[in-house]
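Common to both upcoming complexes is chain A, partnered first by chain B, then by chain C.
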Partner chain A sequence: MIRAASLLRASLASALLVVFAFLLFGPLANLALWSVAERWYTPYKLPVVYGTRYWEQVFRPTGDAMASLGTSIWIAILTVLIALALSVPAGYALGRLKLPMRALFMIVFLLPQAFPSVAIYINVARIFYHLGINGTVLGVVLVHAAHGLVYSVWIAAAAFAAVDKDLELAARNIGASALRTFFTVTLPLAAPGIIASGIFVFLESLDEFTGTFFVGVPQVITLPLLLYNAAMGGNYQVASITALILLVPSVLFMLFIERFLRADVLAKVGS
Partner chain B sequence: MSLSQRQLALLLIAPGLALVAALFLYPLCFSLISAFTDPDGGFSLQAFAKAYELYSGDIFFTVVIVVTSCALTALVAVAIAGTLTLGENPWIVGTLRALYRWPLFIPFIVAAQCMRTFLAKNGLMNNTFVSLGLMEPLQAVSYLDWRGIIATFVWKQTPFVALLLAGALAALDRATLEAGRNLGASRLRVLIELALPQVLPTLLVALVLSFVTMLSVLSVPMMVAGSQPTMLTVDMAFRINAYGDYATANALGVITYLISAGAAILYLRHGMTKETAS
Partner chain C sequence: MQAETQTMSCAGAAIQVRDLRVAYGGTPVLHGVSLDFAPGTFTALLGSSGCGKTTLLRSLCGFVPVTSGAILVGNRDVAPLPPEKRGMAMVFQSYALWPHMTVLQNMGYGLRLRGKPKAEIVAKVAALLAMLGLTGYEERKVTALSGGQRQRVALGRALAIDPGILLLDEPLSNLDAKIRMTMRHEIRAIQQRLGVTAIHVTHDREEAMTMADRLVIMQAGRVAQVGSPEEVYDRPASAFVANFMGAENVLPLHVERTGAGTAITAGGAVVHLTNRDAPAHPTGEAVAYFRDDVASLDAPDADPRGDLLVPGLIVARSYPGGLYRYRVEAAGRQITVDDATRHEPGVAVSLRIPTERLHIFPAAEAALAA
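And now, the complex of A and B:
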């Protein structure tokens, strides 16, 4: 009797798991199908003609997608550079130094993420328009950097806070200057966390749509904007292939996040 | 001249603060001023009157969508995190652990494109149901409306809430939970009565963050549900792109701030009642 009940339970749980997996991966499977469907119309449940014609179109060196991929990666690299240039000093100040009103400063960096952003971006676009940097890579990079700063500052602060103070003191005791101690002891020890925050900012920038939609158009077409234009234009194949390109880094990061962020750093994030 | 540590700290943090001030605080003030002034520059609420007249339905629609999505997200996330913590079948727990995180870092716009195809009248979901004999082909309907938006939000946000919740549950004292089990409480009861109350702050933080995220996303309502009614983000973009009407758009913006402030206040209030109680 008990055996039968537990068997029933296990099969019920398995059935639920199958439904869950279907709802989780069904949308992704549909995307993958569209990317290789040369012709697909009702009432056919699966594509009528399969092929890689659209892949060739997207990956043609002169195609829009390659240009957008280049723009996206270029913007993401610049965003990471700006965010790290600002967040390494800020993270050191927040993680290591005595700072008045520390909690308030931590919250200031969170604010851009804690407010509904569309209303902010429409006004940023208006300000940028007056400054003449609307529709430029610089404008988009600045918006992405402000948006990603919370991750880079908070993770950098946690990474610096996790560095053992005794190691710095030892370096100072044997005669290293404060600056030398920072560059040869503190920074290398905090580097894994800072690199993780850089990857985070890179991905955020790569995936960002709303800010680019208001600040970048019509000149700056990143991959998410290309995806949007293709989807709204009814070109499901190009939209799906673009979406798959954007999926690769996201899924890789999801699978490896625990290697990038050590538990002792993660435990200090936001504190 | 040598700097004190405080001065050095302020100096190091200043450039970052300057960027946030320039690209968040300044535009925020801009949006508030623009929402509360009339064309002549005086104080007025007429932008709000116009926003309410044109978009009161969408304001209601937005609140309903976001609240429903958060409620469903919480439900699924609790089920996942609860199974991961209290599940006894290692095969099921392992499979679930490997599966549930997939949408975590998938961009909203990719999720929107996935759902646009999956939930369509002839999408993979309806086609699968028809093939399995669960549904007649004529019964197939498109879910690309409010249901599609909610489905996309729940699909995208559940892993985030479940991840934080599972982390908090894993850190709980196992002895209390085991004691509950030994006294004969079912796993569901242990989860609801013993485990969840202890991790409620984590759940609420995750939900408030998801709430604000859903209020900020433009791509999902634009791509998943094209027609009226729609969410306030789409209305704001429309006011700007079609009419250059900043006053009404900013009034709608202030309304979204108020909606998210409502969520934040509910959260803070919970924190305060807990502090006075303890």
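And now, the complex of A and C:
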């Protein structure tokens, strides 16, 4: 009886694992298949002609894909710089100093996520058009930074809060000024969390679609927009290849974050 | 040794604390503490948790803002100064070593701040490590060290800047018992060798007694008694101090002046003392505090021979080693007595208590301390 029950449990677990793996890897396999399908039409279950023609097309130096990959990365880097420039001081203030209305500040950074993004970005686009930064990299970077600040500020605040106060006091105690203490003790100890927050912002920017669509198009074309255009135009091969390219940094950075972001920092996010 | 004595030169500084008051968010924690610390002395601040001893230490080095009062170091009031300008070095209970730095970087941090050349920093850290028994540990990560090693590095980091004043905030309480014993002696020896003024916060009575020249017993944000370990242990100034220093047996008494001297009554027993033996006992209702080893057991009908002989009943017996430890019910109290002979629980005995070893306080004061 017990043997049968444990056998049943084991087979149920493996069945669930298979389902989970299929849900995770099924769409990825489909993308990979589409990226090498030169001809694929009904009623065939698999591509009729395989080839790397579309890969060559995407990776041609003069192609749209390479240009928008460059734009995407450039925008993501600028976004990270702006977000960190704001979130390091803001995170320190929220994580370390006794601020009145601290919870309110934390929620302000959450606001951009709280409302339907289309509604927000239509209005942002109106204002940016007025300011003359619609369709510029600056406009897109500002939109991405506003979106990314919630991650960077919350994680930076948690990273600073996780630094033991005694470690700072020990530096002050043997002669370091407050500023010196910040740069030699607090910041290096909070750095892993801050780097992780930068990575989150980078990935968010790389993936961002709605804001770029309203603020950047048609002058600024990022990789997600290229993917959208290709998919709308029925070019599933280019869309699949673009999606796979977008996947690479995400996977790499997630591995990175797992190493950097310690449990005690994660436990303090939002607290 | 030659190199050590050349590089170490902590001249102890004097501290005078004058009517120091500290409050946390409106709640007063220190109610006007005044203390003098002579150069080169080792003082232990002793008290139960919440008595303000750590607050006092942290306000001395500037981690806690003071409400009023002065902290004079060499006739200069440092109370308004930030921590980095006070010339005091602290050893933390949590070690507070910087995990992103090596042993050398940790210990050399204060020297680098002072713009010392690299060679000098390396030489000084090496000398300190030799003194602390950690020769060759410069490049170790502090996270790879044991608790005792970490606390030595923390001590070395504090001493590296040649502080006039060394503050020790329960530095041994995170260490296991055996290492704690050796560190007590090491810290004391180093302090004496360097002549630094040390202030040590602890809740461990034995640690305070074995390390310090002078004890400061604190109670609820005030100084309860200041004195050498012998003074505080043998002549506690209040019921609280007596109790805190281990005189945990409590015996209610009645003290009366008679023509020839003093009569002490406890639980039906009376002892008459001449004025020479009992010069200053308070009269009226009083409470006596005494240690477990003061009383002994005797037969119910034994001859008092000048001692207080209180009738009682053995309630429980245990054997902690060497002696038997009894709980005896006498004068309406449970009293702990150590005695060499074996008796069975339930036996009627009398407690032989030498009155000269009792700490007697008026009952009203004892009620406040309890």
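To be clear about the criterion, the second predicted complex is superposed on the first by the 256 of 271 C-alpha atoms of A that agree within 3 Å, B and C clash if a C-alpha of one lies under 4 Å from a C-alpha of the other, contacts with A are read in each partner's own complex, and residues count from 1 in each chain.
Note that in this section a residue touches a chain if its C-beta (ideal position, glycine included) is under 8 Å from a C-beta of that chain, and two chains touch if they have at least 3 such contacts.
Not measured: the values here are computed from a predicted model.
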| chain A superposed: clash or fit between chain B and chain C? | fit
| request: For A:Phe202, decide between first (touching chain B), second (touching chain C), both and neither. | output: neither
| Which of chain B and chain C A:Asp164 touches, first, second, both or neither | second
| With the two structures laid over each other on chain A, which partner does A:Arg126 touch: chain B (first), chain C (second), both, or neither? | first
| task | Please name the chain, chain B or chain C, that touches the greater number of residues in chain A. | result | B
| query | Looking at the overlay, what does A:Leu31 touch: chain B (first), chain C (second), both, or neither? | reply | first
| said: On the A-aligned overlay, A:Phe182 touches which partner chain: chain B = first, chain C = second, or both, or neither? | reply: neither
| said: One more residue to check, A:Phe20. First (chain B), second (chain C), both or neither? | reply: first
| field | chain C versus chain B - closest C-alpha approach in the superposed model, Å | value | 13
| Which chain A residues come up in both lists, the one for chain B and the one for chain C? | none
| query | How about chain B: which of its residues touch chain A in the complex? | reply | 5-6, 8-10, 12-13, 15-17, 19-20, 22-28, 30-31, 34, 89, 92, 95-96, 99-119, 122-125, 127-128, 130-131, 137, 155, 209, 212, 215-219, 222-223, 232-233, 236-237, 240, 246, 249-250, 252-254, 256-257, 259-260, 264
| In the complex formed with chain A, which residues of chain C make contact? | 61-63, 82-84, 88-90, 92, 94, 96-100, 109-110, 113-114, 157-158, 160-161, 163
| query | Of all residues in chain A, which touch chain B in the complex? | reply | 10, 13-14, 17, 20-31, 33-34, 42-43, 45-46, 85-87, 89-90, 92-94, 97-100, 105, 108-109, 111-127, 142-143, 145-146, 149, 153, 203, 206-207, 209-210, 213-214, 224, 227-228, 231-232, 236, 239-240, 243, 246-247, 250-251, 253-254
| field | Touching residues on chain A, where the partner in the complex is chain C | value | 164, 166-167, 169-178, 180, 184-185, 188-189
